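Right after this note come the structures.
Shared between the two complexes below is chain A, which has chain B as its partner in the first and chain C in the second.
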Partner chain A sequence: MLTLNYIIRRLATAFAIVIGILVLTYILIYLSPGNPAYTWAGRPRGPKAEEAIKMAENELGLNKPLYIQIYIHVNRFFSGDWGLSLRFKQPIIVVITRNLIASLELLIISFSIAVPIGIFLGVISALYRGYLIDKILYLISSLFISFPRFWIAIIFSVLLQSLGINIFGRIAPDYTLSINYVTGSYIIDSLINGRIDIFIDVLIRIIPPSLIVALYPTALTIRVIRFSLSEKLHEEYVKQAISFGLPRNKIVYKYALRGIIPAVSQLQGITFAYSIIDAATVENIFNREGIGSAIVKAIPYNDYPLIIGLLAVTGILFIIINTISDIIQVVSDPRVRI
Partner chain B sequence: MKLRYIVLTIVLILIILAISYAALQKKVETTPITSPTETPLPTSKERIVVYAYRDTITGIDPSIEFDTGIVILSNVYEPLLYYDPIKNEFKPALAISWNKVNETAWIFNLRKNVKFHDGTYLTSEAVRFSILRSKLIYEEKGIGPGWIWNCLEDIFIVNETSILFKLKYPVPIPLIVSSAYGAYIYSPNLLRYANASDMIDEKIRLWFEAGNDVGSGPYKIELYKPESEVVLRKFEDWWGWDIVNNSKAPEIVVIKIVEEPASQELGLLDGSIHIATNVAKANINRLLNQGYKIINQTTFHNYILMFNAKRWPTNITDFRKAVLYAVPWNKVIEFAFQGFAKEASGLIPYGYPGYVENLRYEYNVTKAKEILEKLNISNTKLELVITSGYEEEERFASLLKSSLNQLGIDVEIVALPWEQVKEKGVAVWRNPDDAPHMIINDWWPTYPTPYDYLYILHSADIEWNWSGYTNPEYDELIDTAFQLEGIDYDKAIEIYNKAQKVVFDDAIAISIADSIQPYIYDPDRVLIRDEALNPLYMFVIFFQYVEVVS
Partner chain C sequence: MNSYVKRYSYRVKSPIRVFLGLLRFNRKFLIGFTIVLTISILSVIGLISPPYYLEGWGIVTEDAMKRQGLAPCIPFNCPSIYHLFGTDDMGRDLLSRILVGAHLALIQMVSVIITSIALGILMGVIAGYSNIYIEKIFTYVMELFIIIPSMVLAAAFITIIGRGMQSVILALILTWSPWYARLTYILVRQLRELDFIRICEAMGFPRTYIMFRHIVPNVAPLIFVEAITDSSSVLVEITSINFLIGAASLTSIDLPDWGMIVGYGVRYIRTFWWISFFPGLFIAVTAFGLILLGDGLSEYISPWLKRRWRLWF
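Showing the complex of A and B:
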């Protein structure tokens, strides 16, 4: 049951996490070497270069005490004024929005692949525990969990390239100006524009990186379902259902599986955050936009408004996903109160 | 049961996608393939070129941008003149003729019927507005390349197509108006578009950075995502299409930000990229064997090794000379730059005004040892700061380290992001012992004056003089030469040469090499004419001179 207490608690947690991200990131950037004013001033030259850097420090408030800088930054963040990217000179909100949409597109497709496949293979593994198929699935899931995804991504991209399959970027250059961008999601926008050819191109380009990102959640889902379902299959209500002569698939999918949905949904919430990190490397290898690749590009230039904005949005995303997991838990199991 | 349907649906979707993709592949295979690679994309009626650039775009305000934005600005905006430093000749752009009225006054006559991308026409007022904005922003905020207009007293409108530059002191103004930065002309209507109150209103900058433009160049900005890609579309009303006579010029130019060399190579191989700028140099020969072509462009981008003149032992001139004698200069080009550089001399790159031959230190370990013995310096440790991610700097640093090891000098190589390198360099003025003994600074010019390269050792330039070098004689020489440029150019160059000799004798800073920029391209897809590249414009391809051949 979804209670008011839960909503208040979750909002408070979200607020605390965002504040924590803002303050901690700001302190870390403050302590790290390099002066963000150099980036903001755009590498000034000539007799006024020194003055330009001082003015930039003044504009950014870098000459104020740390606690005042943090206060100003947190205050501006919550009032919706996230400022401009020091490197790209564009509003943070604009940069984050387009990269967030690109990342979400990738992550949603990844989880759309990972969850059903993970559940399906997890069930098979549980049902045939100890058999060859279970051992193979166990080995594969171990490999998927332990192998570095960036390495698999490189190998995969080289393999696809050698087959002549074009997977570079989010959309074919020929199509870049062929659609009107409404949502920023190329999948949705191509459909809105009624361009099936572009829709297919975009899907073909998103599936390989999605498969890489999907490896970890798929493997973890297989493992969790294998373990949890095996336990469920030994519970009394399942044994009773078997004794009533109910079909095996019905017992597994309608009764036993329902019992482990809360655990699976919690797992997806946690792995989603981890997958954002995976997505960062995969985005770079496949030359896709996204939160991860934007962070990678912002860090070397001390673009702290962008770094903080991106991390805060990632934090908020993480909270939203976990809240959805909680809600799924409540819906699937009425005994649960959150 | 519901789960079963979901799984079934997903499987069906995947099958449909696979079939659709196979159909697309088949369609492409039926068309004659002339490229060394196959492209699975459906052919488009529009001619498209994809250019992979190695760095994110730092801005597109034509009066402020002073970094990577040049790649876009040079195709979207135009200056009054272009300058070809190799041929030492000017080429008319927005101005068709110019003449010197007296030492401090020049008249420029503008090209007629030049349209800006907003449909309005080029006027004298537009020229005045654009240049004064660059100058004013620099004077007010110190940002941008507007310092090139310090010489300017005012610009007077003679008539709709003629303007008069009134100078504070004589300068070679045709060189300044052909600057790679800060000399672009645009429509003053942007005041209205940006809802700005005056020419230095911050709203104008934000308007530009949102991806808008009011240039007159052959391409206009269609999509601007500085961290990932920029798309330009051909401007059909550009005045120069008849002159260029290129019916195969690209209609769409996609500038993709691809930082990883491996990704650029992959993109090139699968046909997603047509021109690459940052492929691992070791792989270039393999690509050439596969049918790709290369253009090696001489650039004015060089790498300057600077010594800390305020910290022991690099504060000793003879010690610095010993270090330079210990560098195996004959290996620098082949090992550090893998052949993609030219042997440097002094501080100024080859082909650039003020270049002097034979300002080089020979490789002579014996001489280096003798100097060190005389100085009684041994078993010392030096810190060398380089920019991380610059393959050339990393290789040179390792070469220097192994060479100096022979002399009992240990070199600690510190690779840092550029912003931190800069901070380390500037530290020489605040606390010299915090600054490294040696640091590498890569440099490229704003407009072709030797002063641009030599000013980084001027005692007044505490932002870029990372040596902490203070030599009044040197300062006076380059200041005098700069003032003479507009009166007696030959004499000015002579004094600049003398200043370089002073630096050379002091061994305070030296160019490691003049880099050569390789552009790798698919010849079955594009043809790059000679005019498409100009060493004054780093990484710029003038796409009106590119032909899309398939």
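Showing the complex of A and C:
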């Protein structure tokens, strides 16, 4: 079973990595060629440029020794004072929470589509290895892995436009003012407000992009399950279950599949990190808010503070996801806990 | 003996014979190799003589302005017999831009893959075959860099260094090399328990000698096959980041990078679909070829994956 010792050690490692990411972001600021304050202020030009650079220098504390600068940077992060976004003219923490929730909504829905379908198709593919259905599934999965998701999204959006269906954006413009802003995720907010019409509208708008984002994790899950389940089916305990005369579904889903939960959960943790790029590109095509749209808006303005904040926050998000997948791995497979 | 090492152990043949055998007997490898070879030849053609050389490199010529009258829709020419894939917002021929951009995509992908394999093997071997403190430090660094999202790191490099291939390549090397480092580390930890390493240690060979003479040659082929399978994901990741740069750009982009052309064309998607469609098609076909190539190789290493079996229960 899961020991407290392991959890504490895992959390300590996660915390060390959080600190590492924050220090790394500061090193990125510090090592930028030329004056770091100039980059931090967004490469200003014009009459007020010197003033802006002075302010940035004060914010970063550049006249102090390096370890104190790093200490100030880490401290500012934990107290929630991340500065002001140059592009959005809002506190960075507000901008990031808004965009991160929008992206997470998309990613969570696409993963809850991808994982069951991927496991089901992967089991079929492993059981009928070498047969026609396995070949078809192989072709489909390699197409979905290799085709760039933004290209599929472009084709999809062109098709939708030619059919005259307009489901771009996160929510219909008429509804934006008639909803109370509670969590930032429109799906939950509409349910809290008790507006079923808004809920359906938001759900219809989120499903096409999340289906496209789901293609990659589905395909990868099919491949990994095909690979590892064929191995598991030759093990002794599966043979024993077969000799007991248990039904096939029970053998596969209850015994054999249990052995590959660690591999699958680790895979999902990794794929989540990769899929955020897909989410970023698909968001741009479907005109949704999110991390990708925030980056696209930040780059032309040289909005360096926002990008550094995003780097820290997405890094921490991945740490949380990886820690969860590690704990799932330990619960299902005691051998990992060493 | 450990399962991972045992699974991948196979008889050593000369690489040329392996290659010819794969071409003859493995259909996936054959198709993938043909696609990748075609794209490489197209990239060479794009460097030597694309239909409109200057337009391919992003220069708006006077011809481009004159030629706009030939097709019915101006200035975005539809795909026609004069311009197979149409023209973009400045009247530049898209086919030449795609052909010129082919070598950029290949160069970015290959440089990322090769550098991250080299760095990853070096880091993984040092981490797996050193004392415990160095091992701890290296595994910490690996975990740290695996966590960092490549997209945001690339955006940070773009604001620091400037827009261009170098920032994307740098970001991807930093995020892909820890993968190979971790894989190498796992393999090395299994290898160092085996007899031939133990014997070398007992004979008193220096550790660096054992590392590079005995461990690296055993690890490198497996990492190499893994990297070829991953290369399609690397290509899609590079083009996705370039897509974001293209979508962020306020003015038209001169550099004929595939991802950037697609990303820049997204703003015209409602009316002029071909700007984004054709470069994306090329990305998709190249990535598909690469994944077939990698699968063919991994089928060679673990042939039981291909074998048909009877469901006997």
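Points to keep in mind about this one:
By our rule, the second predicted complex is superposed on the first by the 257 of 338 C-alpha atoms of A that agree within 3 Å, B and C clash if a C-alpha of one lies under 4 Å from a C-alpha of the other, contacts with A are read in each partner's own complex, and residues count from 1 in each chain.
As a working rule, contacts are C-beta pairs under 8 Å (C-beta built on N, C-alpha and C of every residue); 3 or more make two chains touch, one makes a residue touch a chain.
Keep in mind that this is a model prediction, so the values were computed, not measured.
By the touch criterion stated above, A:Glu50 is placed in contact with chain B alone, chain C being left untouched.
Contacts of A:Ile277 after superposition on the shared chain: chain C is touched, whereas chain B is not.
By the document's definition of touching, of the two partners only chain C reaches A:Ile145; chain B does not. When both complexes are overlaid on chain A, the residue A:Ile92 reaches neither chain B nor chain C.
Contacts of A:Val330 after superposition on the shared chain: neither chain B nor chain C is touched.
Of the two partner chains, neither chain B nor chain C is touched by A:Leu100. When both complexes are overlaid on chain A, the residue A:Ala114 reaches neither chain B nor chain C. With both structures placed on the common chain, the touch criterion links A:Ser157 to chain B and to chain C. Within the superposed three-chain model, A:Asn35 lies in touch with chain B and out of touch with chain C [touch as defined at top]. Where the contact sets of chain A with chain B and with chain C meet, they give residues 33, 39, 154, 157-158, 161, 284-285, 297, 300, 302. Contact residues on chain C toward chain A in their complex (touch as defined above): 140, 143-144, 147-153, 155-156, 158-161, 232-233, 236-237, 239-241, 243-245, 247-250, 262-263, 266, 269-270, 273, 276-277, 280-281, 283-284, 287-288, 290-292, 295, 304-309, 311, 313. Put simply, chain A touches chain B in their complex at residues 33-36, 38-39, 41-53, 55-56, 84, 87-90, 94-95, 98-99, 112-113, 116, 119-120, 154, 157-158, 160-161, 164-169, 172-174, 176-177, 197, 200-201, 203-204, 207, 249, 253-254, 257, 284-285, 287, 289, 293-294, 297, 300-302.
Chain B makes touch with chain A in their complex at residues 1, 3-4, 6-7, 10, 17, 20-21, 24-25, 37-42, 44, 46, 48, 50, 56-59, 61, 64-67, 138-139, 141-145, 147, 150, 205-206, 209-210, 222-223, 225-229, 231, 233, 252, 254, 256, 258-260, 262-263, 266-267, 269-273, 388, 416-420, 422-423, 446, 455, 460-464.
On chain A, the positions that touch chain C within their shared complex are 13, 16-17, 20-21, 24, 28, 32-33, 39, 127-131, 142-143, 145-151, 154-155, 157-158, 161, 227, 230, 242, 248, 251, 273-274, 276-278, 280-281, 284-285, 291-292, 295-300, 302-304, 307-308, 310-311, 314-315, 318-319, 322.
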